[in-house]
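Naming follows writing order (A, B, C, D, E and F), and every chain is counted from residue 1.
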């Protein structure tokens, strides 16, 4: 039971990765926003509107992922080498599922970058739709998979 | 069906609030992170460790709420006059529920600030515990209530 | 000949606007990016691509305008109440003309916010097209008009 | 004995100033950096070099003061209406004394903005001179005076 | 005709450079601001004032170049290893020409950093002079040369 | 007498480290805040309060160290690989002494990161205690030691 972000006096610290190797690391995270039928249709049924709503979320995800070390106190500053965002429409439940994949050749993993990107992207969809529906819920923000690094690979079991 | 963040040519815009009154506005949002039993106990059973883990999340929430207009593209820069964070332990489901209440005397609401604060706080808990458990899930990020402003009050029905 | 940003010892300072009134201020700036015929067509002739290229620029303009006081050393932090971006296609000269209008109810003007938004938007178009053409030129970044404030209105003579 | 930044459960919070009046508030802080004789002379005896070294510090002070609420976790975002920096040469002790005066018409004081501006300005002088002298010491960062606001005026007794 | 910043579904993405080599990359960009005769003389004829005006622009250029990946949505975060700014006075046309050279040992080029530095530096000169002249025009922001990287060198033909 | 941050025309520049090797670099800085007896006791005598006050300072130090290149104009952006903060209570003089150790495998030293972390941490303690005591003084911000890099090691003589 290893709280790696606490030092021997239980003070927060940034973990020392100085001597880790630069290896290729990749992480994919996802999350869902459930909206009202009305809000879902406002986006989906009008292709002229769908573009800007969902692309604003894509751009916010990418920009948000780059801000991870400024937002999450113990995260290391990282030079992400790739960020890719996908948004899947889930019409049967009036929801959008957003995926972010981040990559890095570096000393520490990029899970937090992928998860932060997902969170900011979903909050942006909330913001774009909140004049129609304030009861939307963001859910299931989770790591999907992770490769590279000493702690081993991770793949979510569904 | 009003996508207020798109202009007449369906381009994103920041809504014009220049002529709205400065009134007291308040919003509370919440969200949950579900963790493994092992991760939950690592935090809860050791009061020397619980402090720094949860307080790091509180501070990240407050700092994150202040970054909202830098993160969510169409949000207005705002001068928040109060941010308060609470974290409730949910031992029966091995989860933490985080609440953020933001206030402002200004021209537009603070829902996004409360929701962003919740998201960043939960991501910080994820980060502090991810060496123990990578399968944690963040869920139910939602607006609880909102008062002030022309669009009327909102209170979530549960 | 008034260098308002230098103090009595010729050191840079932020001008004191503490006692100015909060009035409605608005400014519009514009600028142009000239690109190759090939780059222009890559954007314009494919409506599936035009959307994301130009909307990325719109979003970057809005986000950039909000960063003005962090970028331009003597600028005051301001709470912009409206930012609107337009992009006009100039097919006869293979160029895009980008306009930003910023508004504020406050103590100082928003010219720098409009001009910064224009600059960041045009740089974003450059970035999106630079794999096709590196010789693009950004030109004619200028204030179009300005209203509100004690120094009087401004309207560019063409 | 009032730790205003802790709530009833001893969690950090941003103090609620929602209902405070907008009044004119002003604060002046100062601090000193002591350098080697050699480093002091490198700056002072060459007027072509003194300008850029000290002006870089002035600009960093102003930019730093504007970042206060991003750096100090419980500080409110504020719209500073004036920032003025002075640097006094203290040749008898090979030191520079830097003063920052910040102003605001708002709901809370600007001591932290003045103190943060001083700190960043002095760190910038350190950075500019560190190739000559690594043993420099920054000292006596302190509030000089403060006016406005309910808690009353403050003037340092020397 | 390669819009590298759009993915297969025409959504913006950050290009994947994970597997590119770390090589020395360098880019120089330039741009011009044309001002009124009166504004030009206010800066040039008084050496006590020329220093702080132009040095504020130099510092803003350097600081702005470091913000590139926060401002231009698809830009990678980069660890610039050198930024150098020059300003040439063009008295015959009452203008200033600003050059920024950026360097990096890394996986992707630094054109956008050089161009962003130029833009922010010119906007800063505009800000410092706008009390004298609001009709100033920023023009000819362009890449001068670029070396390093797989896409080959670039040198502007004049 | 080497002002490395000025170029041949005495303009500020970011030093060119493009061709320096990536080596392990480490720096420790410290600083002190002297507070009133009353303020010191408010923190120390109540363990429920000591935690959040000092941990907020720890977190602010870590976050502040990561902002160094945004705050100190000529600093290079760096990917810190470790940040560790300690706070020593000095009851005999009613003071707190804060230490920051930063590490990097890179091309330039991390003294400024350690010193900036110290400064921001001490300012945060000031902020947390200023309702009790406004006359607190921050002093002795200094480099303790530094290893790695071509300029040789440094260890403060006391």
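The working rule: a contact is a pair of C-beta atoms (placed from the backbone, for glycine too) under 8 Å apart; a residue touches a chain by one contact, two chains touch by 3 or more.
Predicted, not measured: the structure shown is a model, and the values here were computed from it.
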Homomeric contact subunit E-subunit F: same or different residue positions, threshold half: different
Label of the chain whose CA centroid is most distant from the centroid of subunit E: B
For subunit A placed onto subunit F, the superposition rotation in degrees, Cα atoms, nearest 5: 120
Pair exhibiting more inter-chain C-beta contacts, C-D or D-F: D-F
Between subunit E and subunit C, distance of the C-alpha-averaged centres to the nearest whole Å: 15
Intercentroid distance (Cα basis), subunit F paired with subunit C, Å: 37
Where subunit A and subunit E are represented by their mean Cα positions, the distance between them in whole Å: 31
Residues within subunit F bordering two or more other chains: 11-12, 51-52, 55-56, 59-60, 63, 67, 70, 73-74, 77-79
Subunit D-facing residues of subunit E, complex: 51-52, 55-56, 59-60, 63
List of subunit D residues in touch with subunit C within their complex: 24, 54-55, 58-59, 62-63, 66-67, 77-87, 103-105
Subunit F to subunit E touching residues, read off their complex: 7, 9, 11-20, 69-70, 73-74, 76-79, 106-107
Subunit C-touching residues of subunit E, taken from the complex the two chains share: 1-6, 10-12, 31, 38-39, 41-43, 48-49, 51-53, 56, 59-60, 63-64, 67, 70-75, 111-112, 115-116, 119-120, 122-124, 126-132, 134-143, 146, 151, 154, 156
